[in-house]
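Per-chain residue numbering starts at 1, and chain names A, B, C, D, E and F are given in the order in which the chains are listed.
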């Protein structure tokens, strides 16, 4: 199983468990989360890229991975991903760099997982 | 060895080493840490739950684990734990969700470790 | 007009404007915000105190004021408020102290605004 | 003098003083800052919106103002600004809301300052 | 009254009130705070500069002011202060810049308040 | 391969890949990063220690490791490292403690890796 699949499997398994608890607040936040990154006055791709930048400056590796996969599937190029991470590293500072390394590694895994299929 | 024991063993081993350095400031912070979550105008359980929420919004997995174990031992229910994490996720945003997943997993490990005994 | 009224008036005025924009995501987050701090497996007072602690460690003065007023109206004592801020200062560190000063000042204003009525 | 002018005047005055100190690291960071939000694989508008989102989730009012003005001048609509702030509030949590209020107020001032001219 | 005196007066007045509450945890944190920035394996000046950098990357204006005054009185030069802020801006990112502007302004006030005496 | 070598190898490998992308903003931030921790009005050792403190309060384990190795090679003693971490833990709060544990562990690995050679 690739690292991409591993990440998604764990994410899905735990989300299912959490949602089965029927905590209304959490269920609604998960629901909004799904309905935010959609076409509107700004297109879905721009919003997912914003989600990536927000995740990067807040230094949340799992959030970065999630948005990386989303934008990768939407056809964002490596150059565009790098420019998004550049904005993040400028605004968030050199402490973003370790997350940039892991983001870059995950991007390679996304590319690899597509080739493998 | 369960993940709960592993976490506690590492924590204890490193704390012992750190305290043996005799750095006064660190020793005193560790000492306050022990003496904060006690009954007072608010009871210890409420304070430990506050510690959990503070750890969750600051997204510190090890701190979350520590407070999860404390409240678990004090008889906090799964539903109460979920409501605490719901406040944390609302205030701290969707970047708290990956920590919620790991918190939920650790809670299961706490339940399992009790059954195993 | 007291500082408490000033804060609430500005807050209400801007919230009304923001909600009138009909952004679905924002409206739903505001809606969840209202429905989180209610009685459940944990009582509303405990959740508002958690909201206070979360706001304090994330160092959001306006959020602190909002939860201070909520817990003040629920009958939380000064001693209980101080213990909540103590947990926050321990977990969040000495950078929380300037926010503790402003929190304490706002608590005095809440007490004064009640006396004045 | 409008609040927009006031903000820009203070910003410019202090930047000039800081740059006159000839600290190489700071000068170069300021220089990169100017050269990041330009057309590339992503257009300048998208990058400025990313700067806005990054500033919002990191809760930096002055940074928010700066990027609001930039995107306002580039023709970003109120609806697009609101969608950017919606992503920020979802990812960053309810603690972003006080900054959303001030952002909205500043957007009104930007609109007003244009009408006044 | 200068801005430096104003800041110190407010700080002192609120600290006195807070300490009079006799919350043990808070009193002990205040006490450690006083006893950390002292000569040891590292000298007090280095520690105060570290306090400045920590405050800057955590973007706490009041904490920055406090440490600026401490290092100013210890004879730290403007160039050394700028180098400390440069490390902070590199590590913490461009969101530190608004705090750098206010730090620089406060440094000027410290210089002015000395001249005035 | 020791944990120190492992960390450095991964870091170097990923940095090389990232820099090969030729993103100007990122290349320049990496370049500044290299040129900040040098002798100036403050010496390089003081700046690296500041980098350590900034990394610790922002809770970036990889950044902490990087600066720990730098100061270790510059002859910083264990006692001085502990005093730097003490300032960090005071300013950043008890959530810094898990990072202190990992920092201490890495310091031991640095000492061990020197003995092994």
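Methods note: a contact is a pair of C-beta atoms (placed from the backbone, for glycine too) under 8 Å apart; a residue touches a chain by one contact, two chains touch by 3 or more.
Quantities reported herein were computed from a predicted structural model and do not represent experimental measurements.
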Original post:
Which chains lie in contact with each of subunit B and subunit E?
Top reply: A, C, D, F
**OP:** Could you pull out the chain whose C-alpha mean position is farthest off from that of subunit E?
**Re:** A
Original post:
How many degrees of rotation map subunit A onto its copy subunit F on CA atoms, rounded to the nearest 5?
Top reply: 120
Original post:
Would the interface of subunit A with subunit D count as same or different, where same needs over half of all numbers used to appear in both copies?
Top reply: same
Original post:
Between subunit B and subunit D, what is the separation of their C-alpha centroids in Å?
Top reply: 37
Original post:
Just how far, in Å, is the C-alpha centre of subunit B from the one of subunit A?
Top reply: 27
Original post:
If you average the Cα atoms of subunit B and of subunit C to get two centres, how far apart are those centres in Å?
Top reply: 24
**OP:** Please set out, as single numbers or ranges, the residues of subunit A touching at least two other chains.
**Re:** 25, 29, 32-33, 36, 54-55, 57-58, 63, 79, 82-83, 86-87, 89-92, 94-95
Original post:
Residues of subunit B touching subunit E in their complex?
Top reply: 24-25, 28-29, 32, 35-36
**OP:** Going by the contact rule at the top, pick out the subunit C residues touching subunit E in the complex.
**Re:** 59, 78-79, 82-83, 85-87, 89-90, 94-95, 97-98, 100-101, 104-105, 108
Subject >> Contacting residues of subunit A [partner subunit E, same complex] >> reply: 57, 89-96
Subject >> Residues of subunit E that touch subunit F when the two form their complex >> reply: 32-33, 36-37, 40-42, 46-47, 49-51, 53-55, 57-58, 63, 77, 79-80, 82-84, 86-88, 90-92
Original post:
How about subunit B: which of its residues touch subunit F in the complex?
Top reply: 10-11, 14-15, 17-18, 21, 23, 25-26, 29-30, 33, 54-55, 58, 60-63
